[in-house]
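Could you have a look at this structure, given as C-alpha cells, before my questions?
So that you can tell them apart, the chains are marked A, B, C and D in the order they are listed, and the count of residues begins at 1 in each.
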C-alpha cells in the first residue's frame, strides 16, 4: 500500500507543479499584456481563469481522496497538506493575474507613465520567488528558499516606492489619478503574490522538515 | 486403444487396491473366525461361561483376573506414567527431557516377554510365588510408556498461548500445569489411559512367568497367583483336548469384544479432540 | 522514586546465540498507552514478554540489562517472578480464554489459585467488577456459566482482559490484541483501552502503525532488535526523525 | 533467585523410577547371563546345540537356531509388510473417499492394538492350515529343488507361517509411519506433478520417493516389533531347534524359546542363564533396531521441511 501511495503522491506533485506553472505564466502574461498594451494577450489570461479554478478543484479532490483511502502519515501526509495549501495560494495568484489582465485592458489605449514605473521589474522579482518556491517543492529541497525573507522585504520596498512615485504623479497632474491608482493596486496585487510565494515556501519547508516556520 | 502408460496406470491402481485389501482383510477374517468359533462355545454353556471355573467350562476366574490385573497395573503404572509424561512435556529441550523421551519410545517397542522374565527374577523368585502383584507390575511397565507418551502428546497439543496465559496470571509451574493445563488436556490423557489399559489387558507374554494362572478358583489376594484371559487362551490352545479349544475360542471372543468395546469408541472419538 | 511504570536500561535478549533485542533503552510514563510497533520479527513480542518474565518459559532465551517496573529491576536478585507476573497483566494475540472453563471460572481461576480473594461473595463481586471494567458485563451477565466458545473474537479478547484486570495489575501488556479479531471487535477493544488508560499503564504491541496512531500516546519503533525512535505518537507520525521510522509509518519499508 | 522448582521435585521421582527400572532391567539380563558365558563362552550364540541334562557337567546350550529364527521370520514379516503398508498408505492418502478413509485408518489402528493372542489362535487354526494347503504343498510339489522350498511341509508350522503372521501383525505399525510421512507431503507437489501431465503411477512414484527414509524407519520399527513378538509366533513356528533357510521348516525364535523353556529352566543348572543370555541378545538386537528406526525417523522429520 505504501508504494501505491508514493506513486499517487508523485502524481499529485506534478499536478500541483502544472498548476503552479499555469499561475506563473498567467501572472507573467498579465504583466506583459499590461506593459505592451496587448489586449489580446490580456484576454487569453482571462480565459485561463476557469482552467486554474478547475485544477484547484481537481487537485483538492484527489488529495482528499488520498487521505481517505491511504491514511497518509509522515512525509506523505506533509506533502499532501502542503499541496492542499499551495493550490489555494496558486489560485489566488491566478486570480490576481486575472485582475491585472483586466486592468491591462482598461489601460490599453493611453501610453503608460514613465514606462509603467517599476511594475515589470517588481513582477519579475515576484515570479522569480514563485518559481523558486515551486522548484523547492518539486525537488523537496530548501536551498531555493534561503533568502526569501530578504526577497520579500525587497518586494515590500518596491511596493512603497511605486506607491510614492504614483502619488508624485498624481500630485503633478490630476489626469494621472486613475492610471496611478491602477498602478498602486497592481503593485499591491504583486506584493500579495510575493506574500503567497512566501506562504508556499513555508509549506514547502514544513513538507521537507516537518517544522513550521514563518517568513517575515 | 490404451497406451502402455495407461495400462501401467491401471495395473498400479489394481495393485494398490489389492495391497490395501490384503493389509486389512485379516482383521475381518479374524473377527469372523473368532465369532464363528467362539459364539457356539459361549452359547452352549450360557452364563456359566462367564462365571464358572475351567472345569465347569467357564472362564470366570480368568475374566476376573484380567480386570484385576488391569486395575492393579493402572494403580501402579498410571501415576508414574502421568508424571513422566508431564516431565517430558515441561522440559522438552533439556537433555534429560530428550533422553526420557527416547527411553519411552524404546520402551514402547520393547519385547514384552523380556519384561515378564525381568519381573519374574525380581519379584516372583524373591516372593517365592507367582502373584497378581507381579503380573500387574509387568503390565505396568508396559503401560508406562503408552500413557506417558499420550500424556505428553495431549499436553503438547494445547496451544502455547494458553500456557503463556496461565503463567502470566502469576501461577507457579505446578499450579499452571496441574490446575489449568492438565484439565485442558483431560480428554487426550484419558484417551491414552484407556488405550493403554485396553492394550495391557490383551497382553500375554509378560504374564507367562509372573501371574501364574488360576482357573479353578477365584483369586484370593494380590500376593497369590491370578489368571488372565490371554494367558488362559495360550494355555488352552496348547492342550490336546477339543473342549479346551472350544473354551479358548470362547475366551478369544470375550477378549476381542472387550478390546473392541474399549478401543473402537475411543479411537472414533479421537478426531474430535480439537482446541 | 521513579515516575515511570516501565523503564529499560540497555536491555538485551538473545535466543541461543542470536541476539533479538540489542540493548534497548526507553521509559514508559504511568497511565498512558505506549505502543511498540515494528515489522514482524523485529522482536516486539519478545520485548513485551520480557516485561513479565514470560521468557523464562523459553530455555534458550537470555536476558541481560535491566527492566524496571516502578523502579524495581524485575531481573534483579530475590525477585519473586510470580508476583511480578501478578502485577503485570498480559493479553495475547490469539484470544485465549481457557476453553474448558466457563466464563465465570475463567476470571475466577487466577484469583482462586493465587488465593487473592476469600469467600464466594467477594469472588462474585470481584468478577462482576472485572467484567464491568472490561465493558463485557452487559453482554455476558446472564450467561456466566456458558463456555467462552459461544463468544465472538472481540468478546473473548475482552474476557481475557477481564481475567487479567481481576488480578488488579498495575500494568497491562497486550500483544497484538486485535490481530485475530474482526473490525467491530477491534473497535470495542480500542475503545476499552482508551478507557482503561485512565487507571492503568498500557503497553501495546502492534504491527499496524494505524492502530498505534489511533490509540497510543507514545510509540516506540523497533527494527531488527533496536529501538530506532520513540516519542509522542503525534510527533512520530507527523514528523519522524529517523529515515527508517519514516519509511515504516509510510508503509514503504522493504 | 535460585528457588527449587517444586514441579521438578514432584515429577523427578517418577522419571528416576523409570530410568532405574530400565537400567536395572539391563543389569539383570547382563548379570544373569554371566554364568553361561563363563560356562561355555560365545558358544551360547554361535552353536546350535540344546543339551539339557540333570548332570550339570553335560549341559550345553547354543541358541544360534533361535537367533536365526528370530531374524529370519522378522525379515519375512518385513518383506510382506512393506508392499502392503505402502499400498495402504497410497490408498488412504490418494484414493480413499473421506468416509472410507476414516474407516480404513481405524481398521488399521485396531489391528495394531489387537491382543496378540488373538492373532496367535487365528494363526494356529486358520493361517497355518491355509498356508500348508494352498502355498506350501503346491510350491513343494513343483519347486522343491530350490533350497527355499526344499523342506516337506508336514505340519505347516514353519518359518513361513510365523513370518506371514508377523507380517500381518506388523503391517499396521509400518502403515502408520508411512501413512503419516506420505500425508506430510504437501498437496502442492502432487498438483505440480499432475500438472506436468503425469499418470497416477508416475506421480505416486515421485511422491513416494520423497518419503523413502520414512519407509526405511517404518520397516526398522516393524522389524523391531516382529523380533520381540512372543505368543503368536510360538504358536505357529513349530518350536524345533532347526537352522535352515527353507521356508517350510519349523524353527524357534528367541522369544518363543524363552516362553517355552523358561518355566522349567530352574530344574537345570545352566538353562536359566542360557535363556537370560538369549533375552540379552533380544534386548540388544531389539533396542538397537528400534533406536536406529527412531533416530532415522527423527532425523528425517528434522531435516525435511516442506
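The rule we apply is simple: contacts are C-beta pairs under 8 Å (C-beta built on N, C-alpha and C of every residue); 3 or more make two chains touch, one makes a residue touch a chain.
The structure presented is a predicted model; accordingly, all values stated were derived computationally and were not measured.
Asks: Touching both subunit C and subunit D: give me those chains, sorted by label.
Replies: Joint contacts, listed by label: B.
Asks: What is the shortest path, in steps, from subunit B to subunit D when you may only step between chains that touch?
Replies: The least step count works out to 1.
Asks: For the interfaces B-C and A-C, which has the higher count of C-beta pairs in contact?
Replies: It is B-C, judged by the count of C-beta pairs in contact.
Asks: Can you figure out the chain closest to the middle, judged by Cα centres?
Replies: Going by the distance between chain centres and the overall C-alpha centre, it is C.
Asks: How many angstrom lie between the CA centroids of subunit B and subunit C, rounded to a whole number?
Replies: Between these chains, centre-to-centre, one finds 46 Å.
Asks: Measure off the straight-line distance from the CA centroid of subunit A to the CA centroid of subunit B, and report it in whole Å.
Replies: Distance between chain centres, rounded to whole Å: 92 Å.
Asks: Report the inter-chain centroid distance for subunit A and subunit C in whole angstrom, where each centroid is the mean of the CA atoms.
Replies: Here subunit A and subunit C have centroids separated by 52 Å.
Asks: Please compute the C-alpha centroid of subunit A, do the same for subunit D, then give the distance between them in whole Å.
Replies: About 94 Å, centre to centre.
Asks: Note the residues in subunit B that touch 2 or more other chains, in rising order.
Replies: Those would be 172.
Asks: Could you list which residues of subunit D touch at least two other chains?
Replies: Subunit D, residues with two or more chain partners: not present.
Asks: At least two partner chains per residue is the criterion; list those residues in subunit A.
Replies: Subunit A, residues with two or more chain partners: not present.
Asks: So in the complex, the part of subunit B that touches subunit D is made up of which residues?
Replies: 5-6, 8-9, 12-13, 15-20, 22-24, 26-27, 29-30, 33-34, 37, 79-84, 86-87, 90, 96, 100, 102-107, 109-115, 117-118, 120-122, 141, 144, 148, 172-174, 177, 195, 198-199, 201-205, 208-209, 230, 233-234, 237-238, 248-249, 252, 255-256, 259-260, 263-264, 267-268, 271
Asks: Can you check the complex and tell me which residues of subunit D touch subunit B?
Replies: Those residues of subunit D that touch subunit B are 5-7, 10-15, 17-19, 21-22, 24-25, 28-29, 32, 83-88, 90-92, 95, 102, 104, 106-111, 113-122, 124-126, 168, 171-172, 175, 199-201, 204, 221, 224-225, 227-231, 235, 255, 258-259, 262-263, 275-276, 279, 282-283, 286-287, 290-291, 294.
Asks: Okay, in this complex, where on subunit C does subunit A touch?
Replies: Touching subunit A from subunit C are residues 209-210, 213, 237-240, 245-247, 249-253.
Asks: Applying the document's contact rule, which stretches of subunit B touch subunit C when the two form their complex?
Replies: 93-94, 159, 161-172, 175, 179-180, 183-184, 186, 275
Asks: Flag every residue of subunit C that touches subunit B in the complex, lowest number first.
Replies: Within the complex, subunit C contacts subunit B at residues 49, 52, 54, 57, 59-60, 82-86, 88-90, 92-94, 96, 98-101, 109-110, 113-114, 160, 163-164, 167.
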